[in-house]
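I have placed the structure first, in the form of structure tokens, so that the comments after it can refer back to it.
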Amino acid sequence: MTKYLLPALVILPPVLGLLAAFLPRLLRWLLLFLTALATATVLVAVRPGEMMPFSAALPVDALGPALGLHLALTPTAWFFLVMSSLATASFTLFSLVFNDERHDSGIAPLYLALLGFGSGVFLAADWITFFVCWELASVLTLIIVGHRRGHAFSAGLWYFALSALGSLSLLAGAWWIALHNGSFRIDDSLVTLTGWVASGRAAAWPVLGLFSLAFLTKAALFPFHMWPAFAHAEAPDDFSPFLSGVLIKYGIYGLFVVWVPVFFHTPEGAVRTISGIPWPLYILGWVSALTAVVGTLMAIFTNDAKRLLAWSTVANLGYIGTALSAHSVLGTAAALFHLANHMVFKGAMFTTVAAVKWRTGEREMHRMGGLALRMPLTFMTFLLAIIAAAGIPPMSGFASKWMIFQALFEKQLVFQATALFFASTGAFLYLYRALHSIFLGQLSTRHEHVREVPFLMALPMVAFMLALMAVGFAPGLILKPVNWVLASHGLDAVRSNWTIVVGATAHIDFATLFGVFGFAAALVFLFFVLGGRRTKVPMMDNYTSGEDPADWGLTPERYQYAYAFYQPIRVLFSRIPLGATEALFARVARALVRTGSLVADGFASAAFSTWSILLGAALLILFGVLS
Amino acid sequence: MTPERFSSQLARFFGDDARFTDKGGAQWELRVPRDRCLPLLSFLRDHSFVHLAFISAVDWPRDQEIELVYHVWSYEHRVHVLVKTRTEREKAWMFTAHRLWGQAQAYEQEIHEMMGVFFLGNPDLSPLFLHNWHDRPPLRKDFDPKAYSLKAYTLAGLGLAPEQKEDGDVPS
Amino acid sequence: MRFLNMLPQLLGVSFLAMGLGLLLMGLGRQFTARLQRRVGPPFYQAYLDVLKCFSKTSITHGFVMDLGTIMSLAGLIATAYYVPFVQWTPTGSGSLVIILYLMTIGYLGMAMGVSASGNPQAPLGIARALALMFGYKVPLVMVILAMIVVTGSSDLLAIANAQQGGPSNWFLLKFPIGFVAVEIAFQAMIGERPYDMMIAPAEIASGPMVELSGKYLGLAFLLHSVQLYVETALIVNLFLGGAANPATFFGKQVLVYLTSMAVNAVMARYRIEQGIAHLWKWAGSLAFIQLLTTKGGF
Amino acid sequence: MYLPDGYTTLEKLREAGEYADYDLFFGPNHPGMHGNFGYVLTMIGTEVVRVRPNAGQLHRGFEKAMENKAWAANVSLIPRVCVPDPDPNEVAYCQAVEKLLGCEVPIRGRWMRSITLELSRLGSLYMGMGGLAGALGHYSTMYLMMIERDLILDRFEALTGARVYHIYNVPGGVRNDAPEGWFDSVSRLLDHLEAQMPEYDRLLYENHVVWDRLQGMAPITAEEAMASGVTGPALRATGVKADIRVDAPYAAYPEIQVDIPTSGGGDALARAVQVRLDFAESVRILRRLLARIPDGPVHADLGNLAKLKVPAGDAYSKVESSKGEFGYYVVSDGGEKPYRVSVRGPSLPAGLYLCHKHLPGMKIDDVAAWMASFAICPPDIDR
Amino acid sequence: MEDAVLFNLRDERQSAWESVLNYFRKRSMWMLYYCTGCGAIELPPSMTSRYDMERFGMGPMATPRQADLLLITGYLSVKTLKRVIRSYEQMQEPKYVVGFGSCPINGGIYWDAYPVINHLELFIPVDMSIAGCMPRPQAVLDAFQKLMDEIQAGKAVGYKRYRKHLDWYKRNQDAVLARTEAVLEPWEDPFSDAALVESLWNDAPAEVKEMREVRHDA
């Protein structure tokens, strides 16, 4: 029975997706949620190694036995799968309520298929399976993001163009190795690649480069950092959490799968090192640090809530990349830890923004304000999420950021650490700005009657909050599985128990941190209670230099500072061409859009027709590869 | 520039419309009818009288007229010219000078509020100084500030009863 | 259980931080007054101010304002638990990363609380404060990183211990360029001129505090006092070698604070973008040189 | 002016339902506001895009009140028009009345007028420099300068019995002669002020922060300044050598050498420096005045001042105050009370007109400093 | 002066706790930074180095929310009165009002001026008045000291009076501020008629016609 579990995880959701295309709206989304929930349940229940690898060679002998559908649940895959499927289950529960009459995006069948192919990416044991799932996931994302015509479609094309570029180079890399060892199996090719690197064979670097291009583009590292801003922002609101929380992690997964064995298992001295780490990793470190800085700056100057969060995702992938590049146990663990955290807090942020947009129809931040009083639970979720995202204790984000810094301290990568501190301070800036512009300040008269989200929608939010706090209190919750992953790669474990983590230059008891903060809060609350009586006054009973706002025709929305929030910083950066790469890629995208408008017309019709076109396209690609 | 030369030049352009008087102490006075006032001011501004010190208005109920006095000064000739023009009192109005001097807008806005002179073409004649004013413009001669003050700001004038003497404890 | 044993110490440090911080404020005010050739308030004035604030009634614009104000002071007090006072912290740890990040929750709380008041001048001030933080965090962190490179520890206790044994061991002498950079950054951290754009009464009517009344203002004062305590203690531990007894420690804190107040007294206020540019230009480049020379490469 | 992409005017922005702009009330109850006045600033981001002046909060109906008081009694009302610099008002009014009366002020009286005018100017310039320093957050300078101003007020108190509203000038001269030793005390005061000045220069004018703040702020050309009615230091700061003490001399100035220092440049820094130059020049003038004090009466005999009757006619008299031209246009119908007194204050052109030109596009940081740089004194706008 | 209203200040029995709090209140009086009139000119000397108000723990505060003390520095025009009342109501209790100079007491030199109110007591409770025009800094500081004594004794209870007699104060405020009719005789602006304005334009000489409708602030 368990033999067919892995292929079921990959194949079943797309089949259900086909089925869902014929179901009414509510049932579709319910099916999606149930599938995601079932996937998560199954994955949490099993342990890596409990499930047999699945192997089905293709019945075409000429191509050799190596070619076929191979799936395996490695500990790494298990970690990524568990984290992403848990997050996905929450996202889909949110989607279930989100897609009501007015907001139905109709993507449930595609979403279902995406779940399957997404699992396929993690489970794939050979490059062909990996490539097919990867490519299908990309195409599906393109359709989902570009589902609505116009701007959204070009945003989808962005994503697709970069993704296609990357995946083709991935295939080329796999082919290159297969020409030598005759196997498309991932573990085989990695062994070969490691051998090449260790023996100083020149071909190692182009192959590694070809692999990495795919992952770097997917992980949106510099200079491919601009696609999430378009794709994540233009995707359906309830799909953005998945896109930003889960899908973008495929790139990191790829990097992890390829780079960790290659560089951890090559003997000392085989690769030139800079500052004690192999030079490709050193370059990756700087690229990631730069990504973090650029993403942060772009987020600071963004006025669109979803785009801000998308840039924030870019910045966070920069952190993860930097941690990965530190070439240490601590760094690798920190990367995985931060990745898991990012899934939760970014998912929570996108979810709350979607909830706000669901209620108000706005996503430009300056058009909102004061919603905390109307949507307190959403506000609290967002608050906890930004605390985590800014790496502020006692939430989960701090634990992973602390580990990232420890990893950098350990290798004395001080300038990268400086860049990350810069980005991290910047993160606080843009996150506060989002919090303020959306939830604080004056409540617009247009949003007087906005209500809190319904119970089912609030449920995932509560789950996110609990997760953020729980991990902040006990990082061991995540670090334990992370240690399994490390062990599977033959690395030492991070020294930690449930609450204490030992870093390179210090150690932290997160429970104490949580506790002392709680104690301080209690103490201050005591002061607060002891102080004089307080009265609640209306929002417009405010300091106005003695003027009566009504005399000047002032409405609440015009007593709110939210637009051009960090103008002074903008002035400072006016000479730095932050949008240069963006402009370059925009030109490419325009050309793509022009040539591909016919395709676009076909894609953008109803969900069902696109689905069939997609299947055809997938088959075409598959046969193109095989022939 | 001597007064003679100035007056002869003036006569060339404005004929009898502008009547010139030398008040002594480098102060000249020009009286013009309303329609010629703005051209005269424009003429002055173009002939080095670039500084409009201010505009004042004098109410002459005796003549049923309101006199507007434009004070202009030439930094070059160091001469102060008072351009006087009159308008009927009941429907007092004047052309705006704010195209010649931007700050004239504010002076005119003030005169409109204080003296009730309407300035044709002034973009903003909204009340600037007074709160909730419904009475006649206060600088008109027939406005009695004392009567106003007593009626507007004293309890007796407002017809309100004074406070009862406190009897109980001060509430806490 | 360990946590329960810690509680009295935590309580003690809370009051110590607030008490010393308020005392610092009072001394600073009197010092400024003397520089301005006047008598100035008594040194205990800050205590009176805070107590008065708590005795007044106050207004709130909703639960976020309460939450934010409480969160802000709690964050700063929690930071104080990690800042060594005479080579000792109640939590047994002095992790610099915790200090740097835990302080931020104080700022976040403050920012949240005041911008929930609905007055645009409050977020204006907060935007300035955060922009300024963008300016001073980086130099500060660079110098701290230089110390981590040298001492191999990111624990403030270890850094302070590394400087024991007389002023010749102080990092002030080991990192002179860094010290200048951090002093400039410190001026911005505690928001004194020329970097007091966050409050800037003549521009944005005291910015974040614009709607704070009564106990909210009192909590804001306490916040500032704890902030002063934490930040001066940070400088003392980083550069002045901590201290062997409380009196010396507090003396050094006073010294650090009064130096800053002296600059404060003779400076005008930068425009915000000028302030950040100035910080990056001077503090940033000095810190960069310090870090580069210490590390000896990228 | 900063507007979001695709919008050319604020109106279009609002019609589109964008909530990008917000209003800030800069005054009356605002620490950056000098006096009881207000600007309602429409802002986008940190930048002002539109300003609506909100004047009239200090309106007291002076011009009407003066019509109901005897000629000489009005002197008690007049200093209140401009509180920091009261004496120019008294002198301007008295000169206008004297012009109508055709009376000559005795030379010692004119001397006393000039001395009080210059002392009042010094006090007001201290207030101006201190106000500018305060607007830039440089409170120490403000705190210290107030001491010096207070010393000047002490001299006024010795001379006139009042610190702020001196009511010293009356039609025909000044009220009383200086008490014994007063001139010496003024002279000693000048020594003190000059000795103190280098310290303030170091604090304020040699302070890089102040320079960075003021340089290039709200520049104005000479033509623009003259056409918009700006006078005094703000005009001289554009390089125009204009000073009523020279152009239309009054009191003792015809007999005293008065130089016109100009800073040039026309921006806020030039205006700030101009104030400093004016200060130095004023001290020099005072020294020249004190060097040769003529003897004689201080007051022309006009009979009982309380029953003064002034021949019908009108006269305009103006005085260079510390902020610019103070002018009084006095109309008499031959009665015991003025028929009409109309006041020209130096602050109105900047306060109500130039604000529309300078503030849009300016950062909120600079509004208070802009006001201080133009020495806007709301009472003479509102009257 | 028939309608000058005087409230008798009653000694309120205050608890020991209240008296302790009053000690803090008197030692830390923050005044609102609001120059309502010309009396504000003597505030800088009182505040700054020569007289140094801060030695009594007093200092200026930016907004009414933070302040304890409202200084009415001189006369109040009606326009200011409206803003003063708003500021006063935004201040938090306990709050005190000090009238500067003669004007808030009875109108002072402006007693017959049309825009200036005469008796401040009618609109907000005044805890301390300083006579004189201008009151010297010494007088100002003396008044503050006396106010401190009253605060300590629990006599400065203007805010309680305001709360108790709110209706009365509101009635007076509304009578002046929310006036809808002319006081003496109504005035109609003849130029509110657009047709009349248009006809004036039609008759205007050609050389001034071009000056029509140009916004100065555009």
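A, B, C, D and E are the chain letters, set down in written order, and residue numbers restart from 1 in every chain.
One rule holds in what follows: a residue touches a chain if its C-beta (ideal position, glycine included) is under 8 Å from a C-beta of that chain, and two chains touch if they have at least 3 such contacts.
As the structure is a computational prediction, the values presented were derived from the model and not from experiment.
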Chain-contact steps, minimal, separating chain B from chain A: 2
Interchain contact steps from chain D to chain E (minimum; 1 if touching): 1
Pair joined by the larger number of C-beta contacts - A-C, B-E: A-C
Centre-most chain [mean C-alpha coordinates]: C
Centroid spacing, where centroids are CA-atom means, of chain A and chain E in whole angstrom: 58
Averaged-CA centre spacing for the pair chain D and chain A, given as whole angstrom: 63
Between chain D and chain C, distance of the C-alpha-averaged centres to the nearest whole Å: 42
Gap in Å, rounded to a whole number, between the CA centres of chain D and chain B: 22
Chain D residues counted as touching two or more neighbouring chains: 22, 28-31, 33, 43, 46, 56, 59, 61, 64-65, 68, 143-144, 147, 353, 382
Chain B: positions in contact with at least two other chains: 102, 105, 129-131, 138, 143, 145-146
Contacts with 2+ other chains: residues of chain E: 33-34, 48-50, 62-65, 77, 79, 82-83, 87, 112-116, 216
Interchain pairs in contact, sorted by label: A-C, A-D, A-E, B-D, B-E, C-D, C-E, D-E
List of chain D residues in touch with chain A within their complex: 2, 4, 18-23, 25-30, 33, 38, 40, 43-47, 52, 54
Touching residues (chain side chain C, partner chain E) in the complex: 29, 33, 36-42, 45, 48-49, 51-52, 55-59, 201, 205-206, 209-214, 217
Touching residues (chain side chain E, partner chain A) in the complex: 34, 63-65, 82-84, 86-87, 90
In the complex, chain E residues that touch chain C: 21, 24-25, 27-28, 33, 48-50, 52, 54-57, 61-63, 65-66, 68, 92-94
In the complex with chain A, residue positions of chain C that touch it: 2-3, 6-7, 10-11, 14, 53-64, 66, 69-71, 73-75, 77-78, 81, 90-91, 93, 95-98, 100-102, 104-105, 107-108, 111-112, 115-121, 123-124, 126-128, 130-131, 133-134, 137-138, 141-142, 145-146, 148-149, 152-155, 205, 210-211, 214-216, 218-219, 222, 271-273, 276-277, 291, 295, 297-298
